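Okay, structure first, notes after.
Note that the chains take the letters A, B, C, D and E in the order they are written out, and that residue 1 is the start of every chain.
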């Protein structure tokens, strides 16, 4: 984990409003090279909105974004891409009418002699998908015909084309099978080892604890603490997310434990 | 195929082409011109037939229909052009293939073999004069509104020019002039604007280029409480005749389709048989330096006074077509039964 | 399954991120300012555009804002406006209906031939014409919804086929004059000249709105739901009253309340109710917003589609009768030309999306007013056709640019 | 767990093909009243396709579907709904242009005096969403403006309106926060207790083991075993899913364990 | 980042559920049968419809399939066909361009006025007209893509404005005849009457297809990707050869190879290449398939939109010159009437979706052939206008029903 002093990416006091809803209020976030920052929070906490501001999808209302110490303005996805931000969106943002290969290389097609180099793209697409252990009937069917998990893998593979400096993954394993999830976690570790910054959004605490260095918690659109993973307990993080120590999670655990101690032991294994 | 280069008179192809421009703003084309021409051709030459196409007011469509006829080997074509000034190349090319073209109703430009028509500028002059007559003694002080035909129809320009020739000196002032685009709803709104702009007493007569627009204009005038000012049109449509009987419309222009259609049919059969057309086309018209043998008919103004002697006498309409229940009394007054 | 609520965790009623509006008038104004800034303005830009057009033409011609002219405009918009209401339904599905001009034409022709040539009672003739149009709409809907032919193609075939039928029905007649003072003749030319009529309608409209708004707000408050404050209802009612009584006054200055306006407004109000307040309307929006989601929700998509095409054809038929009334007759070209394009344009200018799922029938009224105001204003000035076309194009664009710019602000602030 | 002998729903030899892809081949499945059947399998195994055949979205090519012992034909979603099948689709199937309330009641609106009873629907909507611990700025904004998790909760709540006999949940917790996930698992248990049949698709083995009675595994569009949860080990199920005992999951576990025994212990907790 | 492959789990190359096609001709036929059953037929239904139309008209008129008539049809379709190619681009974006008829008209007017009235060299005049059209397209694109005005409204304003400008440019002239044997006069009327021309073009087309297919298959095989078997390439080439040489033979029976056909085919082939084989084309499809996804992929959506509107306007200008050539003159009404509707209809009939992201420029050719065949066939028979409209409507619907029914089978077997 090679970390420099200036973060690659730093958000300072970022606010964002949609109509009558103040979605983000004064949010700070630091990501260093070679660091995996998990961004967690309740549903609707503003995680996806925050990463979209970094990706240039939604320009921020207030606050500043710094890239390697310099203030930048991210008004269009191109701006972020040019800096080296690759993003896997929660809603995937694939073109349903295009096939897998076309989606993977969209906006960065391989060209040979002025025309698309379909052969090279198709070959590279197959390699990438194999890496992520996904089985897709044909890379030439439109992504509309793929299963949820297949689509998600295509979106993840998209982010690996090009040479990003920061990779943002918004719930990348939500639709993935056990094997594919493991591959994605491996991938995150490899990205970190290669010195990239990674922002990982996930509701799965086991995954977060497995690969993240730091956990930044967002609650109702505001920062609610940044914790080093190694030294923070599961319960601390959960209560930062839900804003209470008595919540549905703890209640459920208690109830299940009461009812069936053995099943409970199995279930949390 | 169109490879036959025999001269027309040798009688290889006994079909006459008939190309009419449209069928929505005027009923004349499919109700009069087409059946009259077909009947006359059959009467003159039993083994002849007429192939008919309608261009729906689209010049490019008409050119396709023209070319299709030429390539089928049709040797005589009666052409009522959508765009008469634009046909030079059509007729020149057709002539090279031995096809003879008769300009029907509108003077198609180019080396046509004959021309059968009414004089459109004359139509305009008659319209203007009829309006002046309808105004009577007040004409010299009358303000007149003009609703012309479509600016993309070359005939409309001629009607307009003819009418202006008379009205510019015959009436007090043209106070409002607009194109009604041959569309009744448009004409109705234009007259509404004229009423707003000039006031209900701001004008004493309305020139409408045809009967369709005149009907809408009269409706709009009545809706605004303006009754009994002279409005005139052209085409002698049956509904216009009825309005004239009822006193709502002042006049229309009757273009006797029967002599026009039958004259054209006669010339076409003559050309097919290689006979001289001089017997029918007694006049001559100058078209870009060429003298075109012509049959030129005179349009007639129809008012309440001469309905009986024109459209009824000519058999264009039966009295029963016109004298429906609502118009029975008016018919009686005009001595039509 | 209400018992599942039993273990609910207590959640505060209002999300702290929601910028809650202050109570009362102050809050109303604050919210309006916020909406203005974020471009979330609804019909306001189009209305502003309309006012601008009226003011400019008044300045140029000096006659635009006379009672007579404004009254005439209501007569001109009724026919195409009714067609446009039908188009709003079709656009809500995300589809298009190119046949409506022809359907208007063939319906007017059927009604005229039956009543004038065959002596059928005029009301019956008009009724039969509308029924024929409904059948035509059902046929279009069938080919679209059941056979799967794109609506564009079905209705293009209809555009050709029904205008052919119109010509065929009119036969050698060409033109049939309306029976003087008959039902059709009166449709677009009858005025309720008693001043009480116009004021009465205005009063009914304003009172109806007020009662509905107050009752709605009360039942929401009783159910513990956030409701519109009384001050806001009062403000809106006042605005409506100014508009309604102003219009009534103007119309009474001229010939009184036009029947055509009553019918057009009635149709707009009723269809608006159907779309926003009934489960049928909800289905129309759902199909327009996502066919597959609607289908999975158990909605009979085919039936919704067929019924919408029936509604649009039926309204086109009524619109055709109004057009016949306006021109004084039915003929072979009724409904051709610009009728269809203007009706579609009105719906779009009024804010109905071409892509389905967003719009309201009021947009037919607003859009028609914009288009007709431009045309009438230019007619008043009496400019040549070519120049008129150019100006109309430019003003049309201008009227919508206002709206688009505000929407763009909104979009850049939203998910879009 | 009250179970009768005839299953409420039984699939026999169901096959389904899309163009050149044979997605399902001879699949059997039994669901009894008061039983939670977990349907698991790799990405693209055919789980979503299978439940769509049950929901009447895709008519089957071959095989039979039995409802309470009688053969039925499910050609349209209405057919399945009429029998009492409520489905939460993986892709949610919400109408983006409609607000939360309209989506919840779509096709089953509450009517009073011929018009929509918006007040009653809005009230009921708020109650339902509270049950599921979700915080949505306003139930009157279009669902297009909701976060991924908020959308998913709306879709789940939809299935609870009406009186279903079988509830199908296709990865219902994929986008949910820890608290919301706990609520949904509670909900599944309550549904079972009320005698409903539940089909639960999930990639999360912990969740599956926590609430399911049986686990049916699908692999490459075919049955690959049905296991009672209580007596089957985690490893058995994983290898039925992946088709191998040596897979990315085990390899990752081994590697992580090697590298950092303590972290690994935390991560699998 | 290729080093990430290092830990890839081995996955079998081919998914066992994929119904792999048998090698060779047998497999080809088996697949065709499967596609036939599942309705996945591409252009086959439209082509069948076209053949049906031709056979029926030949039976009725006895003249439809003569060399002269077929040759004429190629002349008639060139102008509207070029406009239709432009429309395909716009439809691929999921948008519409209503202005193209007016743009064709104003371009023809500009070219005619410059060359005939102002003595400008004809090539230069035509060039200037096309440049003006590109500027017009850029303006439309700007208002649509940058200001956010719906394309429907922008191009509706264009429809009005440019036809006004057309009238204004033509001024009092009304009609300008083409310069005899000049560039414009020849566009739609020149024939390469050497038999070698038609056969040569056929040979180049067939050979080009063969070489491209073989090279493509080889490079795929070399990269270890599944490739089209040689037997299939041979079969396709043979079919193409029959078609191409058959057409060449027919044209040589008449006046030879029409220049108009060469231009139209050339434009279709080039635009097809641009759309399917370049990254620009990929961007067009992406924007049409999902604006937001395209935007997030870093595509400059505004620029793609503006460029597409420029392409459509530019092609409309060329189409306008062809129409002027066909009619023999430019006038105030060139491009009005059915031109636009026919061009849109052709694209849709040929299989291009109105909803964006699906289609090809070949559909302009196929659809135009369907429409023109109906029109010419009915003209040959010479029936009255009303009946002709009705028949055209019915045949149009019929031609597409075939396609729709097959697509419906496909849809019910797919995700749709």
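Convention: a residue touches a chain if its C-beta (ideal position, glycine included) is under 8 Å from a C-beta of that chain, and two chains touch if they have at least 3 such contacts.
Nothing here was measured: the structure is a model prediction, and the numbers come from that model.
Participant: Among the other chains, which touch chain D and chain E together?
Facilitator: Output, common partners of chain D and chain E: A, C.
Participant: Quick one: which chain's Cα centre is the longest way from chain E's?
Facilitator: Max centre-to-centre separation from chain E belongs to D.
Participant: Where the CA atoms of chain A average out and where those of chain C average out, how many Å apart are those spots?
Facilitator: Roughly 46 Å separates the two chain centres.
Participant: How big is the gap, in whole Å, between where the Cα atoms of chain A centre and where those of chain D centre?
Facilitator: Once rounded, the distance between the two centres reads 24 Å.
Participant: So how far apart, in whole Å, are chain B and chain C when each is placed at the average of its C-alpha atoms?
Facilitator: A distance of 40 Å separates the two centres.
Participant: Touching at least two other chains at once: which residues of chain C meet that condition?
Facilitator: Only 9, 15, 17-18, 167, 292, 385-386, 414-415 qualify.
Participant: Going through chain D residue by residue, note those that touch at least 2 other chains and give them in order.
Facilitator: Within chain D, residues 18, 20-21, 133, 135-138, 145, 179, 183, 186, 247-248 contact more than one other chain.
Participant: At least two other chains touched by the same residue of chain B: list those residues.
Facilitator: 23, 30, 151
Participant: Which two-chain combinations touch?
Facilitator: A-C, A-D, A-E, B-C, B-E, C-D, C-E, D-E
Participant: Where on chain D is chain C touching in the complex?
Facilitator: Result: residues 55, 57, 76-78, 81, 87, 89, 93-98, 102, 106-109, 111, 114-116, 119-120, 122-123, 126-128, 130-131, 133, 135-138, 144-145, 160-161, 163, 179, 183, 186-187, 190, 194 of chain D touch chain C.
Participant: Which residues of chain B touch chain C once you look at their complex with the stated criterion?
Facilitator: Per the stated touch rule, the residues are 23-27, 30-31, 151, 176-179, 181, 183-186, 188-190, 192-193, 195-197, 211-212, 215-216, 218-220, 222-225, 237-239, 242-243, 324, 326.
Participant: Mind listing the chain C positions that touch chain D in their complex?
Facilitator: Within the complex, chain C touches chain D at residues 1-2, 4-5, 7-9, 11, 15, 17-18, 219-220, 223-225, 273, 277-279, 282-283, 285-286, 288-290, 292-300, 356-358, 414-415.
Participant: Using the touch definition up top, name the residues of chain B that touch chain E in the complex.
Facilitator: 1-2, 23, 30, 34, 50-54, 56-61, 63-65, 67-68, 71-72, 83, 85-90, 92, 109, 151-152, 154, 157
Participant: Would you pull the chain E residues touching chain D in the complex into a rising list?
Facilitator: Answer in residue numbers: 9, 15-19, 34, 38, 40, 410, 412-415.
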